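In what follows, a single structure is set out as C-alpha cells and then discussed.
Which chain is which? They are A, B, C and D, in the order written, and residues in each are numbered from 1.
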Amino acid sequence: MKRLDAILLACSAVCMFIALYMVFIWSPIEVKMGVVQKIFYIHVSSAWVSFLAFFVVFICSLLVIWKSNELAYHIAGASAEIGVVFTAIVLTTGPIWARSAWNTWWTWEPRLTTTLILFFMYIGYLLLRQSDGERNKVARFSSAFGLVAFINVPIVFMAIRWWNSRLHPVVFGDGKNQKGGGVEPEMLLTLIVCVVTMTFLYVVLVRKGVRIARMKEKIKMYMEQVYTHFS
Amino acid sequence: MIVLHNVQKKLGMRPVLRHIHMEVKKGECLSIVGPNGAGKTTLLKVCACIHQIDAGSMYWNGQDVYKQLTEYKRNLGWISHHHFLYENFTPVENLRFYSELYGVKNCEETIKRWLKIVDLYVFKDIPVRTFSKGMKQRLSLARALLHEPSILLLDEPFTGLDQDGVQLLFHLLQQEKEKQTAIMMVTHDFSHIEKISNKVIFLHKGEIAAESVQTEEKHIKEMYKTLVDER
Amino acid sequence: MIYLFSAYTVAWLIIFSYLFLLFRRENKIREQLHFIEHCLQEKKNRKMVR
Amino acid sequence: MNIKQIWMITKKELYYEYKEKQNVMFILVFALLMITTYSFSFTITQDLLKQITPGFIWIVTIFTGVMCFERSISYELHNDCLTGLLVAPIEKSAIYIGKAIANFLILFCTNVIVIPLLFILFDFRYYQHLSLFFVVMVVGLFGFSIVGTFLACISNKVLFYILLLPMVSPLLIAGAQSTKILFLTENQIHDMFSWLKMMIAYDCIFFTVCYWLIDFVLGE
C-alpha cells in the first residue's frame, strides 16, 4: 500500500517537472495568441481531470446504489472533492485566458456555463454527503444525486448550446478550445504529457482521500465502542 | 407463521443482522430485547419488508415472502411510538386513507367500529392536530389494526403511552392473540413483557444471543445483565 | 505574459492549498485515531489487571 | 406501475392541500408578491416587459414549486407517516409518482391563477398560440415536479434549493426560450418545437431514472 503510494507520488512529481519543462521551454509559442496560449495546457488537463473525477463519481454511485459497496462510496467522495477543486482551476484559468484572448472575463458560452453548473451540482453533492442523518441513508441519497447529476450534464450542455447558437450570433467560433489552424505535434505531445501528469496527481489524491475517509470510519467505530463502555 | 432462516442484513459494509433464525407461530407473541444498536428495529423493518434482506430467506405460511409481497404486506400491522397520522386530517379521514391503502371492505362501518373501540367516536370530525398525545396514540392503534392483520409488529409501543393507553393496548393484543395473530414486539420495558409474551429473544450485535420461554421480569433482567457483561 | 503568469499561479495555488488541506486533515485524523486507540488499549490493560 | 395506488396517494395529497388551505394561499400570495416586487425593481416599459416576462413566468414557477415540493415531503416526515406508507401494501414508486403528480396539479393550478394575473397587471396582451403556451407549460411543469419531488425525497430543507436549481436549469432554459419565441417572434415557431422536444426528452429521461432510483432510496 505505502509503497504503491510512494511510487505514484514519485511518478507524478517526475511527470510534473517534465510537463513544466515542456510547457514553458520546449513547446513552441503559438503564432496568433502568443505566449498566453500556454494557459491552454493546464486548463485542458484540469478539465480532463475534473470530468474524469465526475465520471468516477457516477460509476461509484452506481456501485453504491446497486451493491451497497462501501469502498465505492469513499472513492466517490474523494473523487467529487478533487473534481470540484479542478473545476475551480478550470473556472479561474478559463476567464484569465478569455480576458487576454477575447477581452472579456466571462461569456455565457456552452462549455463555460456547463462547467459552472457542474461545479454547483457537485458542491451540492458534497454538501449532501455531509448532511447529518443515518450513514447508510446519506450514502444512498448522495449516490442517487451523484447519478442524476451526471445524467444531467449532457442535457445541460445541449440546452445551453442551443440557447446560445439560436439567439446570439456566434462570436468566438466553435468553442473556446479552438486553436488557430492545426495543432503542432509538439503542442499535442505537451498536452498529452500534461494530461498524464494530472491523471497521476488525481490517482494520488483519490488514494489519499480514501485513506482519510477510512480512518474517519475507524474513529467512528472506536467512538461507538467507547460510548458503549461508558454507558 | 413467519420463519426467518439465516437472515443477513448489511447497512453499508457493516452487518447489522447475522445468522438470524427464528420463528413466530400463530397466536404467539415474541419479544425482542437487546441493548441500543443491537439491530432490533432493523430486524423489525426486515420483517416488514422495508429493508430488503441481503442473504437468507423469509417464509410466510411456508412460502417465500418476496414472492407474495403485496399479500404479505396486506396482512401486516405496524404499531410504533410514532403514530403515522396526518395532523390536518380528522380521525375518520386518517382511517379512511389507510383503509383504502389496505383495501378494507365496507370501510365506513369498520372505521366506526374502531373509533368506538378506541373511544374516540365523539371526536371523529375534529382534526388530529388538536388531540392530546394519548388520544393520538389510541387512534394509531385503530389505524394499525383496522385491516385485521395476521402479523403484528410493534416497535417500542409503550413509549409515550399513558396508563389507560397501556391497558387498552394490552386488551387489544390479548384479543389479537386469541384471533391467532402472530405478534413481534421490540421493547425496552421488561415489566410489560411477561403479561403478554410467550418467548423472548435476546439480540446482541446483530446476532441472537439467547432465547428463553421464561418471561418473568426478574429472569429477563438477569439474563440481560449476564449477556451484556459477558461480551 | 501577465495573464499566463497569473493563470499558472492561481492554478498551482489551488492545487497546493488543496494538498495542504488534505495533509493537515490526514494528520489531524491520524492523531485522533492514535489517541483513541491508546485509550482503548489502556482500558483493556486495566481490565486485565483487575 | 399501479395506477390505482398512484391515484390513492395523489388523492390524499390533494385532499390534504384542500384541508390546509393556507398552504395554497401561501404559494399564491408569494407568487403575487414576486410580481409586485418585479414591478418595483424594473422601470417597465411595454418593450422591456415583452423581453422579460417569459423568463419571469418561469422564475415564479420555480420559487413556488420549491415551496410546494419541500412541504409535500416535510409533512410526510412529521409523524413518520412515510414509514406508515412504506409498510402499507403499495409500491415505493407509487408513493413517489403519486406525490409528483399531486405537486404537478397544484403547481399547474397556481400558474393558471398567477399567469393571467400577471398579464392583467402589466397590461400584457397576448392571444395567439395560447394552446401551444399551455402545452409548453404542462411539459415544463411535469419535468419540474418529477425532478423536484425526487430531490425533495433525498435532501433536507436547506440543501434542496442548492440541488434543485442546477438540476432543472435545462428545463428552465428550454421553457423560457420557447415561451419567448411564442410571445415575441412568432415567425420562428418551428424553433419552439425543437425546444419543446428537448423538454419532452428531459421529462422522459428523468422520469425513467427517478422511477428506477426511488426503490433504492425511499425508506432506507
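Observations
Keep in mind that, in the parts below, a contact is a pair of C-beta atoms (placed from the backbone, for glycine too) under 8 Å apart; a residue touches a chain by one contact, two chains touch by 3 or more.
Quantities reported herein were computed from a predicted structural model and do not represent experimental measurements.
Here A-D and A-B are compared, and the pair linked by more C-beta contacts is A-D. The mean-CA centres of chain A and chain D are about 32 angstrom from one another, to the nearest whole unit. A separation of 48 Å divides the Cα centre of chain A from that of chain B. Chain A and chain C, compared by their mean Cα positions, are separated by 22 Å.
Inter-chain centre distance (chain B to chain D, centres taken as mean C-alpha positions): 39 Å.
Under the contact definition stated at the top, the residues of chain D that touch 2 or more other chains are 220.
In summary, the structure contains touching chain pairs A-B, A-C, A-D, B-D.
Listing the residues of chain C that touch chain A in their complex gives 1, 3-4, 6-8, 10-11, 14-15, 18-19, 22, 25-26, 29-30, 32-33, 36-37, 39-40, 43. For chain D in complex with chain A, the residues that touch the partner chain are 147, 150-151, 154-156, 159, 162-163, 165-167, 169-170, 173-174, 177, 191, 194-195, 198, 201-202, 205-206, 209-210, 213, 216-217, 220. Against chain B, the residues of chain A that register as touching in their complex are 68-70, 73, 134-136, 139, 224, 228, 231.
Contact residues on chain D toward chain B in their complex (touch as defined above): 8, 12, 15-16, 19-20, 75, 78-81, 83-90, 219-220.
Per the touch definition, chain A reaches chain C in the complex via residues 35-36, 38-39, 42-43, 46, 82, 85, 88-89, 92-93, 96-97, 99-100, 201, 205, 208-209, 211-212, 215-216, 218-219, 222-223, 225-226, 229.
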